[in-house]
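So, here come the structures, one by one.
After this come two complexes, each holding chain A, first together with chain B and then together with chain C.
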Partner chain A sequence: MEEKREDGRSATQLRPLSCTRSVLNRAHGSASFSQGETKILAAVYEPKAGTKKNENPEKACIEVIWKPKSGQIGKAEKEYEMILKRTLQNICILNVHPNTTTTIIIQVVNDDGSLLPCAINPACSALVDAGIPLKYLAVLCIGSQQARRTEYEGTGLFMEVGEKIKNGVITSVTHGVMTVSGTRTRRNQAAV
Partner chain B sequence: MAQMICLQRWKWMHLDAFSHYAFMSATCSNQYGLMDGLLEELEIQQLHSVSQSTIYLLRTWSLSLYTIPRQIKCFIIVGAVASANGSALAKIGCTTMLAAVKLEVMTPKLESPDEGCIAIDFHMPPICSPLVRPGRPAEAAPVITKQLTDIILSSGMIDLKELSLVSGKAAWLAYLDIYCLDADGSLFDAALLSAVAAFSHLQIPVVSLNDNGRIVLISEENSGAMWEKEPVNKEKRKLKLDTLPFSLTCALHKNYILADPSAEEESIMETYLTVVLDSSLQLVSLNKPGGPGLAQTSAIQDCVALTIKRVKELQKMLNEAISDMEVD
Partner chain C sequence: MKAGKLRFAKPNKYWVESSHKRYVPCAGDTVLGIVVDSKADNFLVDIKGPTLAFLPVLAFEGGTRRNIPKFEMGTLLYARVVMANTGMNPELACMDATGKAAEFGPLKDGYMFESTTGLSRMLLKSPPCPLLETLGKKLAFEIAVGLNGRVWVNASSPSIIILVANSIMKSESLSPVQQKIMVDNLLQRVQ
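Here is the complex of A and B:
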């Protein structure tokens, strides 16, 4: 892989990040996050009474709605909703408000790659803005892409959300073929 | 189900958890046996406070159990659907998936004139589970479709150039449809297995270019009689598959790993990790979609080790199924 990528970044360099809270005044909590050109807006609506049909009434329920920039809602959006919902279930303290539903709406404003890693950050910031109790204050989020010229010849796209203190993996999504040991070294690199 | 009813009846009686467990495993006899003991323990843990003796019991029982993926048969039949170009029925425990591949000719895209295309769809009809109602698609279905599409396309199993007929003008579009007939946990594993088996069985039919410039299928009866049209491909051929991906889903609960959970186990344990390896043991996907539990590196390594075992078993089973089919 060449020294510099198209936009002049090195292999391990991230794009400039920026985050703004309380951008919407009707929503109970909101945040806008941009990673380079990718920009995502998240809004949180406070606990409404009642949970969805198959959910556990002893805990709060989290509902995620993902709106793409253009086009209809398809399978990719449903997958992102599911991943985000389960990640946020890990982060939020669900026992505080049992039998309620917290709705999080993610709107993609601009898509320039790394959509899912970019979306988790404003979702967390919006939850903080809304005052929903969370276990971990900040969630480390990595989206990286590696290509190896060695005999394995695989390109891997690798996204992981980890918890820094206990050092466990909350969510991991990979795309592409890579060796097993490769992921371990990447994870160690990324944790730093 | 028998064991669920037992749990209801005893819920409000404060028995010591150990005798609870002994009662359950005595009254409920089915193929899961000890695995159900573990299951009941976890449910009891959530309902009552757990005594030290039960924690010890849980550990000793589970030590022997937690590394064993479902030993109840995995089962593959290829060629289950005669009208499709390739098909397979796969069963892992009670989870049953029927996959069928149908080929259609299409014009390839301008950017990739000698590549075909694969369209994958995963259906969960109401027959598979009481939780799926008619008219309302199940929540898991589009997610599994997307995961399958990503994995089949990114694992390099199929070289899309193989699906090309006439460069720039005609290529095959493979429709892969997977129907879930029985949803008993580990849906993604069974779906991937049936998809891989269907592609292994796929035979591309013979076609030729007719006068209008369109591709027509040469049926078996005509081929001997007239050969005015030059066939585009000489004979029925099988698709050349590079490496086959196989997967294993493990449920994580504190320090325990439960490999290949069934539907009842899935409804209690909320954290899963799916590892997909290909036949050369390279990692195709490591998918852990959040969930209340954290996965430590040691847990991930254990899951990968379990998946390696599973890959070898499934590979052997698939080869046997295909060679059985060819003998017939």
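Here is the complex of A and C:
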């Protein structure tokens, strides 16, 4: 079922991607990622001593700060921060520097839709640029099903270091209504 | 697991070399630290790592309780990392393994700037990198390189210091031949 979207793309076509590393001079790691018109800048600052109150002192803590293009920080930004934080906590090796905080700052430069998937990629590239030890690299995959008008955005494991390519899903964000079997088929399709 | 270039040395040594702005403390490294605070038993020194490092007050050549050195906040020190375990603050010493001073200690005058760890390693290579050789043939200067990404330069006049610092900062991504060409151009412009 090939429906054309507003800008002429088919249902399974992505917008042009581009990624640049080490864009910021003072940050320990930085990356800029753009997908079509959506552009996001990520900066990583090294482990600093001390963790927050509720966090485990045996492990490193990751702090994500999301800066929208304009306007005040509200609930939506907090939600993005939380999702990104959980995803990145699964990728990073947290035992290397216990009792430290790594800060990741996401700045939205231009917003043209699909912000969250677009933000995972520069966050991960900036972590690699800073030299933070990672277990895997996280890439996003987007699926959408035009027929039922639902969109499924997910981030998946792209590569396990030391082993063959094996796909798994770390985080998935769904909007809309789907049956349970629909969710599973979407997930399997995304894993391929 | 860090990203970097795969290096090979005969007969069978492979390793991944990466260059970052962060420093991970490792025992046996020589680093440039800045004194942040002084406690009863040790100085707290910032070495660009995840935590501050401790420099015991007696870790100097001929150090006793009677002649404890007094460092102000902001003093630049050239020290050696004695112990660096995860979870603990690293420990420094201003003397080498045998107890001699060996150029360790506070650095006076001069100019300190930050670089990446890869650039520090390149500056400390032996035989010396072509950048330092070419600069050394024409100019007289003194440098101290810390493996934590800090470099200190001292010379008789500020213009020489600036020239050396700029050429080091620019040479990070250049090959040896390109470094030599760049330094020759800079020197020609000055003299």
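The definition used in the following text is that the second predicted complex is superposed on the first by the 162 of 192 C-alpha atoms of A that agree within 3 Å, B and C clash if a C-alpha of one lies under 4 Å from a C-alpha of the other, contacts with A are read in each partner's own complex, and residues count from 1 in each chain.
FYI, a contact is a pair of C-beta atoms (placed from the backbone, for glycine too) under 8 Å apart; a residue touches a chain by one contact, two chains touch by 3 or more.
Being a predicted model, the structure only gives us computed values, none of them experimental.
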{"item": "First, second, both or neither for A:Val64, with chain B first and chain C second", "value": "neither"}
{"item": "Which of chain B and chain C A:Thr87 touches, first, second, both or neither", "value": "first"}
{"item": "Partner chain in contact with A:Leu116 - chain B first, chain C second, else both or neither", "value": "neither"}
{"item": "Which superposed partner A:Ala130 touches (first chain B, second chain C, both, neither)", "value": "second"}
{"item": "Partner chain in contact with A:Ala49 - chain B first, chain C second, else both or neither", "value": "second"}
{"item": "Partner chain in contact with A:His28 - chain B first, chain C second, else both or neither", "value": "second"}
{"item": "Contacts of A:His97 with chain B and chain C, given as first, second, both or neither", "value": "second"}
{"item": "Partner chain in contact with A:Leu41 - chain B first, chain C second, else both or neither", "value": "neither"}
{"item": "First (chain B), second (chain C), both or neither touched by A:Ala76", "value": "first"}
{"item": "Residues of chain A touched, compared between chain B and chain C (which is higher)", "value": "B"}
{"item": "Chain B and chain C footprints on chain A, overlapping residues", "value": "161"}
{"item": "Chain B partner contacts - residues on chain A that touch it in the complex", "value": "54, 74-76, 78-79, 82-90, 152, 154, 156, 161, 163, 166-180, 182-184, 187"}
{"item": "Residue numbers on chain C that touch chain A, as the complex places them", "value": "1-3, 18, 20-22, 50-52, 86-87"}
{"item": "Residues of chain A defined as touching chain C within the complex", "value": "28-29, 46-49, 93, 95-100, 128-131, 133-135, 161"}
{"item": "Residues of chain B that touch chain A when the two form their complex", "value": "131, 139, 142-143, 145-147, 149-150, 154-156, 270, 273, 277-278, 281-297, 300-301, 304"}
